[in-house]
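Some structures are shown below for you to check.
The following pair of complexes shares a single chain, chain A, combined with chain B in the former and chain C in the latter.
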Partner chain A sequence: MLLVDIILPGLVLGGMYALIALGLTLQYGVARIMNLSYGESLVAAAFGAFSLYSGLGLSPLAALLLAVPIAMALNWLLYRFLLERLMRRGKDRGAQEIDSILVTFGVLFVIQGAMLVAFGGQYYSYGYLSIPLTIMGSTLAVNRLVALLFAALVGGAVYLSLTRTRIGTAVRAIAVDANAARLVGIDVAALSGLAFAFGGGLVAVGGVLISMFLTFNAAMGVVFTMKALVVVIMGGVGNVIGALVAGLLLGVVETAVARLVDPGLTLAATYALFLGVLVIKPTGLFGRAAS
Partner chain B sequence: MFSANRRTLLRVAGLAALAGTLSTFPSTADAQEKIRIGYAISKTGPYAGGAGITTLPNYELWVKDVNAAGGIKLGDKKLPIEVVEYDDRSSSEEAVKAIERLANQDKVDFILSPWGTGLNLAVGPTLNRLGYPHLAVTSVTDKAPELAKRWSNATFWLGTSAQISEGLADLLGKLKSEGKIGAKIAMVSIADQFGIELSAAGREAFKKQGFTLGYDKTYPMGTQDLQPLLKDAIASNPDAFIAFSYPPDTIALTEQAQLLKFNPKIFYVGVGTAFPLYKGKFAANSDGVMGIGGWNAESPQLKEYLARHKAATGKEPDRWASSITYASLQVLQQAIEKVGKLDRTAVAAEIRAGTFETIIGKVKLKDGLLQEVWSVGQWQNGEFYALAPASLPGARAAVVPKPQWQ
Partner chain C sequence: MLEVAALSHFYGKHQALADIALGVEQGEIVAILGANGAGKSTLLKSIAGLVKPAQGATIRFEGHHIGELPAHLIVERGIALVPEGRGVFGDLTVAENLQLGAYPARARAGEADRLARILRLFPRLAERMAQAVRTMSGGEQQMVAIGRALMSNPLLLLLDEPSLGLSPLLSREVFRALAEIRSSGLSVLLVEQNARASLDIADRVYLIESGRNAGSGPASAMKNDPEVQRAYLGKARAAPSPP
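Right after this comes the complex of A and B.
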């Protein structure tokens, strides 16, 4: 049953990759903000879940109900008071992207500094739902399965609301061409802010869920930003289903390489796959041709 | 007009600067009121986790202890310590820059070392050139004896990679000859200098003791799922599972081993096993787990140190390099007091030559290396006791086989 033993754990690992990338695909792909403080926000959510769990005994799943609205509010404020003027000032998408990179680079240090003051530099880890579950002869951890489940549910829900609702359609119109969207009466600033805030909420979901099984510290954000960026670009910028598929694919490939070839080559396999996709489809698996 | 003005201005400024230096010089030389100690430490970046548990709390505790006692005795008076601190952001370039700044601009009297093998090796040549004593405590490398020969100002405190792997191999060999474990080992290691050196030394030492390596693989840093690795290690059905891992992987491997109900007779994981975090997270399940380091927990000095560390920093020290870091600072203080003046070359020589009373007992370095270093520890009833080398005083007997995960 080696095949099952590769595919199931691979999907579970991939679910985690997809989960940490969903927020970025909304913030970068739809709200057009290349958020370099993404990983730090994720770790901040993990610290939040850790504090609630160790301080109040609140389950991370219950903490989601608290963390997501707070993260959305904070991200909306960040957009409204910091990023919106940059978006208005930037002449084209390129200028906007550079401005947002510079500003969020600063935000990265603010969030990281706050976490260092509050928690110091050392590692944190707590176990939640670390229970074995055997499916078809393959043992998986329940907490990682929960992360996969959330990735699929949240990803599906976001996909549906982007494609099936009026607001979702408007948001996609902005992603394609903000100026044209304005011409047909879409409130670009308000909806971009909404998409950014929503992305921030998804970051919180990812951070809270991965805190159940990963060891983290205040300095770790960049690892997650990098991984999320690989997944988002590979899946096609702004494409939610693309991020899901790319995340799962990376997970399965890494697990297969670790089992069949050599665990030392997993990182090489990730980037080989990434490069391969970009060579064949420069806009990503599900990306549209560049305009 | 303008040029004349400018020239006058420059002259005035030059004079003022000269007067400034002249007036500050005698005051530092004659009436030194403080000993300035500087360090650059990783407060951010990938090394912040290690520095935040092993190095920085001990620097802070030591400064607090020394100043509470009035300071460092220099001649017939005591001088309190003044600290200059920088963040090296876990980068070699930043660490070297900060050391240059500490020496040339802040003009500190002594410099404490950064955390980790990589950064200590990076700042080594600079500290050597500037003539500051270098207490490279948190570095484990086979190059240590050679470096200690090259840099007369440097001392190494955690032993070499070979020492750690051989200590483990000797212990396992003894257990095998007693019939407590079989001859099969599964070994995994992180693919960076630490993992490569320890696994290379281990491979040889295990073979010499008559073990066979049924599984022997490396994994890249930042691997987020170690289950595939562990499953293949389990398939090789080992008596001993050995991982030369970093803290996040140490935690993840232990967690996955419990999920997979993997109960080898020996379960050994790398850096992080000695952290209080490990005991805090796994509680009773930590019992019987072996790892790098360990300490003689029955020693009254260390018991007292544990209480002081907890009171001052709010957390327990790790059971490997923390107490050695603190001891190295005690050595620095005693060396300064013995020399009796801020002569860095003489202090560096004294650190190497002298005998010192510290919390880890009597310290006498040999060729710039601390020889009495614990290589294997084991969690037993909530304390990480040192097991090997068995020749050191305070070594405990190993509990084998490890109790089943609960």
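Right after this comes the complex of A and C.
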């Protein structure tokens, strides 16, 4: 059935987008770092999962246990020893943003270069749980459903901890007003570092899950950075629920366009949707009116 | 409990504060009067750790030097600032703002009791716990800001222009709340453009002009000081123009 053919894979793809947009929300919305190397981290995690699977026969789901802590540690170090210092030196928000863009642009090339050396430019994929399954007349590989399930679990857990715990509320408070956050006793620098690290952990989850069903190569990180950025801006910067909804929406729209029109037009559709939202609601679907 | 001496601050080359000295004792309400731009906000921000004082300043609280501490650790010592413009988290709900007020470790014990007390002090907030703060009126946002500061279990409350932009009615409600807060033993350091209301509620007053101490005394005496009446209570024919 055509509708199910679009909705199911659309939700799978959208779930991935929502997950990586959630991570970018933490890095950009909370820690105020526009991380251009975001997509490269995702691809690096995908290569990590690929290597563990093809080399050691380790399942990608087990690889998560390794990839996430490593990604979090690396992101925390990057924030603590490079980005935070630059941010402290920046005179204002604009200068800080330019600094963070320049630094992470450099990090992008470092990660990409390392991956090109190790894996070359060709496309990779591996067959984990690629068992066809028919749901309501539509056929889908089991690995996609597993990826969606994990994305939902991780995304749900992150959402709940951001909205239902004191420390999660503190993280959102930093996104709303970092100066006021200091006044209620929040150690903004420390918690921003933690948020940045968690963002890195989420993009690693995204990379490992995506590697289960998409082909990838060392040079395609920028596509994921752009899509995560589009989703974050569409949902409203710093808005958790906005990132989740916009991610799912984008996945379904892209799949619909690929299925009904032409797969070559997915990126065009992404930007049409993005521009449409920006024209109608410049602060994003769930963003508040500019004050 | 609070002792400030030789406090100076520069914004670039402009000196906002020059050798300020002041003190607040346990259970007092102390008001700071001064014209716009006299440095009153900078003074409160220096105490709260939001701006760094120039070298040589002494800020002691409960006998400890706090001048070098970052803002979040000063809250932990028991000083809560309600900044000018309120500084509430507009996108978060009233409940979340109040919960964040209790973020410091010193505020965790007795949190539920304190929340109940604050909701008795500002009954309006009790009805609106789930509302996003940015959708509320200025007066209600001020109540959230004061309530949030009280949630941190402070010993000293710093208030920067709490009645700015409020209707006279809401202003009165805020001052009534301050009197109640003091009766619970808290000390208050207040910066206010409403000199009359401040003099009525305060125990002692400091005058600040162009970033310098320009006099101090008990509020009852200051109220009758002709200089103060002329400069702050508008009892002359016209407001004096600066020289």
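Note that the second predicted complex is superposed on the first by the 277 of 291 C-alpha atoms of A that agree within 3 Å, B and C clash if a C-alpha of one lies under 4 Å from a C-alpha of the other, contacts with A are read in each partner's own complex, and residues count from 1 in each chain.
Here is the rule we use: a residue touches a chain if its C-beta (ideal position, glycine included) is under 8 Å from a C-beta of that chain, and two chains touch if they have at least 3 such contacts.
Keep in mind the model is a prediction, meaning the values are calculated, not measured.
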{"item": "First, second, both or neither for A:D99, with chain B first and chain C second", "value": "neither"}
{"item": "Partner touching more residues of chain A, whether chain B or chain C", "value": "B"}
{"item": "Touching partner for A:E40 - first (chain B), second (chain C), both, neither", "value": "neither"}
{"item": "First, second, both or neither for A:R166, with chain B first and chain C second", "value": "second"}
{"item": "First (chain B), second (chain C), both or neither touched by A:M16", "value": "first"}
{"item": "On chain A, the residue positions that both chain B and chain C contact, one per complex", "value": "none"}
{"item": "Sites on chain B touched by chain A in the complex", "value": "42-46, 48-49, 51-53, 56, 90, 188, 191, 217-220, 222-225, 227-229, 231-232, 247-248, 251-252, 255-256, 258-261, 272, 275, 277, 281, 315"}
{"item": "In the complex with chain A, residue positions of chain C that touch it", "value": "48-50, 70-73, 75-76, 80-81, 83, 87-92, 96, 99-104, 107, 134, 148-149, 152"}
{"item": "Parts of chain A lying in touch with chain C, wherever the complex brings them together", "value": "166, 169-170, 172-173, 176-177, 179-188, 238, 288, 291"}
{"item": "Chain A - residues contacting chain B, complex", "value": "5-6, 9, 12-13, 16, 112, 116, 120-127, 130-132, 139, 141, 213-220, 223, 251, 254-255, 258-259, 262-264, 266-267"}
